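After this come two complexes, each holding chain A, first together with chain B and then together with chain C.
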Partner chain A sequence: MAVSVNEAVSTGPGRDHTPSTRRRGGRGRSVLEVALLTVLAVVMLFPVLWMIETSIKENRDVYAIPAKFFDFKVTLDHFKDVFAASGGGRSALSVSFLNSVVVAGVSTALATVLGVPAAWAYSRFSVKAKKDQLFFILSTRFMPPVVVVIPIFLMYRQLGLIDNKLGLILIYTAFNVPFTIWMMKGFVDEVPAEYEDAAMLDGYTRLQAFWKFTLPLLLPGIAATAVFALIFSWNEFVFAIFLTSSDSVRTAPPAIAGLIGGTTVDWGLVAAASVVFALPVLVFAYLVRKHLVAGVTLGAVRR
Partner chain B sequence: MSESAPLTIDQPGQVASATPPAPGRSRRLSDRWLAGAFISPALLLLLAMSVFPLLWALYLSFTDYSATRGGPAHFVWFENYTAILTSAQVHLRALTTLIYVVGAVALQTVLGFSIAYLISRRTHGRGVLTTLFLVPMMLSPVVVGLFWRFMLDAQFGVINSMLGSLGLGQVEWLTQQGTALLSLIVVDTWQWTPFIMLIALAGLTAVPKYLYEAASIDRASEWFRFRTITLPLVWPLLLIAVLFRAIEAFRLFDLVYILTSGGPGVSTETLSFHVYKVAFLGFNTGTASAYGILMVLVVLVLTQLYLRYLNKLKED
Partner chain C sequence: MGTVAVHGLRKSFGKVQALDGVTLDVPDGSFFVVLGPSGAGKTTTLRAIAGLEKLDAGSVHLDGRDATGDTPAARDLAMVFQSYALYPRRTAYENIASPLRARRCSSSEIAAAVEQMSSLLHIERLLQRRPAQMSGGEMQRVALARALVRRPRAFLMDEPLTNLDLKLRVEMRTELTRIHRSLGGTFVYVTNDQVEALSMADQVAVLKEGKVQQVGTPTEVYERPANQWVAGFVGSPSISLLACHAEGDRLVGAEGWTLPRPRWTTAENGRPLLLGLRAEDLSVEQRGDASLPGELYGLEPLGDRTVVDVQVGTEMLKVKARPTFTGTPGERLHVTVDLDRAHLFDAGTGLALSETGR
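== the complex of A and B ==
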């Protein structure tokens, strides 16, 4: 199966050019299709544009009835409020962003360190009941978080890991490891095992062959996999809201959700915080767009 | 003649001596050791963080344990399970979940496949279009939920504002019995249509072009070509995407929590949300564990189905 967005782009002339479509009203139909696509694109993108617009509107315009689409005053106050507290110093939101960076970064690094060697071993060696093991690994990723969080909560309470960044890092690592293994196994399968065999004939051990010859070839795949793991942990909400409570530990998703707790909601601030939160994800997703199909299906679907 | 004979006999011997003596056994042993060393840390983590908690939940599901009351847990055996399976409350949540999962996944599939089909027929700007359509999928459910909550706000919401300027009435999207579940389905569809689109597009671009060329030589109609070539070839991949989305929709929690918190009344309470209420608001840990184990069973069945189709796809 062709899989990447790039491949979808570069397939060249499409089917429109087959004689039969050209023969009968192909043109009018093509215009209709473009119009339909445009409408769909506008509908899909409008909420995102509206969010960006709200984040730079003055409060008066945010709550205007009827809604103002174009003639509003631009302000960056909401973005300032995201990072700076009203009394000076750092805001609780900015602390939560920092926590998110730490938790997502460390858990991704751990998942990579644990997952990549395992993926290599699953790809290269004949392991007992390999298929069953791989299926078991993937099914742990499908467990409903609300269900898993009940015993995890009790377990962490015993271990003193409630409201602790280490607790979040551990659980995020655990749900990124299955993804890393499945995604990386695909990449390792693409590197011929003969490279390692050749290196071993030259006197390297299997481990050295992996380290010196296979691993460098895997780096682009590792980078793409890590980016997806980063996005998953960055966006995660369920574990974060149940396992943390204090401002100094909380990650960004529960912190942003906490903005709507009161009787009045500062939607400008919510929008600005959402934009700051979503922007890195969109940039990273764009960087790994070639591997998007594999990434969003947890490494299960590829060519 | 006689001089060349020793040469030909000599050669095999030289080749044999060039390879190191008997590498097979010791290498296979060290490979085994290496595989174990590389795989076991990952498996141990999963055992500690996924399997052990589930086993603990399984144990708790047979008891009357409560996380707040503390004290020893008493075995009640299958009481929790029978209570859940016979509860009218749970049946109602199961129905809500079913409507939500079927509604959202069906809408996403139809819309996503249509968009993919339209994009696959374009020759220019496919990359840009695909990238733009994918944006909603990459956003966190928190951002999506919050933002739609603002847009669907009865007072300041842009949706009602647009309806107003079209001369239509205002709708209390999230605070009315009838529309709340519909809103939830619409928001989920907005976020995950790109997922189906992406995978359908991968399937559509993989259909070999010569099939269409052959069909057009035979003067097959467009609909005939779609029905006999496109759909059968894309369907296996699309089915994977649909199953994947169904599992995700079944275990969804965050969107409900942010968008409606299960309200108004219990009209948008899915099973996931109900488990949360039983566990963290009612503190009936034992009952909630049994509830959770039942949900895990459903997920396991769906996952098995998913993996079976995935395997079939890979073997083809």
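== the complex of A and C ==
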């Protein structure tokens, strides 16, 4: 009895001590760490900060020399210009943002709908020359878009897909499906096939077993994969600039790039458009951040 | 309620021949154990019965009807997986209810069936928990309940006790036998644990490298192993095998010893044989003329008995002795052999010699 009391008393403070010493050791190290990280953060974040600052400066502050870091008047005029045309009504930029939303959203949805079942099939079934097939699928991602853009341009011209949102949706889907298959295959591999076996013995069909038992476990993986696919489609520039020309079809990246050029550049408008362009991806990634890192929750299979 | 028959099952995974012509006949209502070391093809056999494995050749008959091409759902079987395979996002209740939901039972039927099962397996207090909140033994019970909640043609169990600790495993052995008696039904039970096989089975099929070595009652498999491999696999400590041949009315060992020739053997003189002796049929007390000279090599005190390793020439004998037996390594002693219970195998084929005279 006495022994157990002693143990109970002695472990208490001991347990308290260990982390605090570790923390102290960490503090000594962290001076250098913090310094280096600060330098890195400044280098990485300065362009972003400058973009945000420019977007809320009045035009004469934008062009002021020396540059004004803090001492300027805040205005939201540039953001207004992004969405509203000077003569009233919608601006060309706002149309291109809408186009981006449609193109990125639909292509991501299509890639997910096609890629997830394919990944499941590659993970669960014995497919002839599976490795070769998977490599072939991945190899379509080896090529940078600029290499294939000319042949695709010629093909699209025949098909009437030039300057057509459907054309962009198809090409982005084609690029995102391989990525989705590869990402999702990893997630499906993590979910034991025995859940589906058990479900089939319970009396479900194979597809029901996938739909009711495996798919819910894949949702975090699907969210993570979809975010990456969405970011790819949202940011894509090369295909967008080659395959579209009119303001009504153009997505945001070429539209923003189009603002630069001519005799004068309205940097305030460019910066505001860029901020608006960056925001949705940041917000979406923030919303699914838990799923991005959580991966798949594993359940009751002992291994 | 259900017979299971498989015929000539063949299945290979790449270069590995997992099943090499497995034929089994499981009678209705029996507790049928498939026993073998890991890699013998036990689980593949079970999965083939369940319809989870595509076969290279062979057929599966359920209740006399060819079910080889049927989906797992159509076969009307229930299975307990070695990993339990409980659905992680669902409570124990929902796990157990799953087979009934798949078959569109009413919720009152489901509630009644789950309640009955949970009281049979003493898991009432677990019903609202998820698998992550249960211990291995608790998950095992829930997995069992999920299988037993329906009355399928047969229950398939894939090493359900392997992941439990020893005490729980012994407990569950008794429990499963009790459940089989009270529920009835055909059980096909796969294990690599010969104690499970011998203690629970009505019939045992011993499997090795995808081939059935022997099918019989536990007593038959233990007392009359069909070949040297079965004799070695079943029984603990494992059987001791000594090279010898018959010469007139004597058995002459390769190490020079002689024993009276067992009355029942018909082996011709000079044919190379293996003499199989189980530890309990040997004794370190010298009596009669059927004894082997040897040297004490080591002792394994096991509480209720001591296993004595005796070296005979270059070969080792495991002898069961009283727990109080003591000795020093190197000590010379004689091992008395109960020849009526000895086994003889052909040294070339490994097959047991006919024991018709016994």
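Details
Going forward, the second predicted complex is superposed on the first by the 253 of 303 C-alpha atoms of A that agree within 3 Å, B and C clash if a C-alpha of one lies under 4 Å from a C-alpha of the other, contacts with A are read in each partner's own complex, and residues count from 1 in each chain.
The rule is short, and it goes like this: a residue touches a chain if its C-beta (ideal position, glycine included) is under 8 Å from a C-beta of that chain, and two chains touch if they have at least 3 such contacts.
What you see is a predicted model; the values in this text were computed from it and never measured.
Shared-chain residue A:216: touches chain C; no touch with chain B.
Of the two partner chains placed by superposition, A:102 touches none, neither chain B nor chain C.
Look at A:31: by the touch rule set out above, it reaches neither chain B nor chain C. Once chain A of one complex is fitted onto chain A of the other, the partner contacts of A:279 are absent, as it touches neither chain B nor chain C. Judged by the touch definition given at the top, the superposed model places A:195 against chain C, while chain B stays out of reach.
Contact with chain B, but none with chain C, is seen for A:257 once the two complexes are overlaid on the shared chain.
More residues of chain A lie in contact with B than with the other chain of the pair chain B and chain C. Once the two complexes are overlaid on chain A, the chain A residues touched by chain B in the first and by chain C in the second are 200, 205-206, 297, 300-301. Looking at the complex, you find that chain C touches chain A at residues 47, 50-52, 71-73, 77-79, 81, 83-89, 98-99, 101-103, 130-132, 134, 136, 139, 146, 163. The part of chain B that touches chain A in the complex is made up of residues 27, 30-32, 34-35, 38-39, 41-43, 45-46, 48-54, 56-57, 60, 67, 111, 115, 118-123, 126-127, 129-143, 145-151, 155-156, 158, 161-162, 164-165, 190, 193-195, 198-199, 201-203, 205-206, 209, 212-213, 216, 219, 222, 237, 240-241, 244, 247, 250-251, 253-254, 257-258, 272-273, 275-276, 279-280, 285, 288-289, 292-293, 295-296, 299-300, 302-303, 307, 310, 313. Of all residues in chain A, those touching chain C in their complex are 192, 194-195, 197-206, 208, 213, 216-217, 297-303. By the touch criterion stated above, chain A contacts chain B in their complex at residues 1-9, 11-21, 33-34, 36-37, 40-41, 44-45, 47-48, 50-51, 54, 62-63, 65-67, 114-115, 117-118, 120-122, 124-125, 127, 133, 135, 137-140, 142-148, 150-155, 170-171, 173-174, 177-178, 181, 200, 205-207, 231, 234-235, 237-238, 241-242, 253-254, 256-257, 259-260, 265, 267, 270-271, 274, 277-278, 281-282, 285-286, 289, 292-293, 296-297, 300-301.
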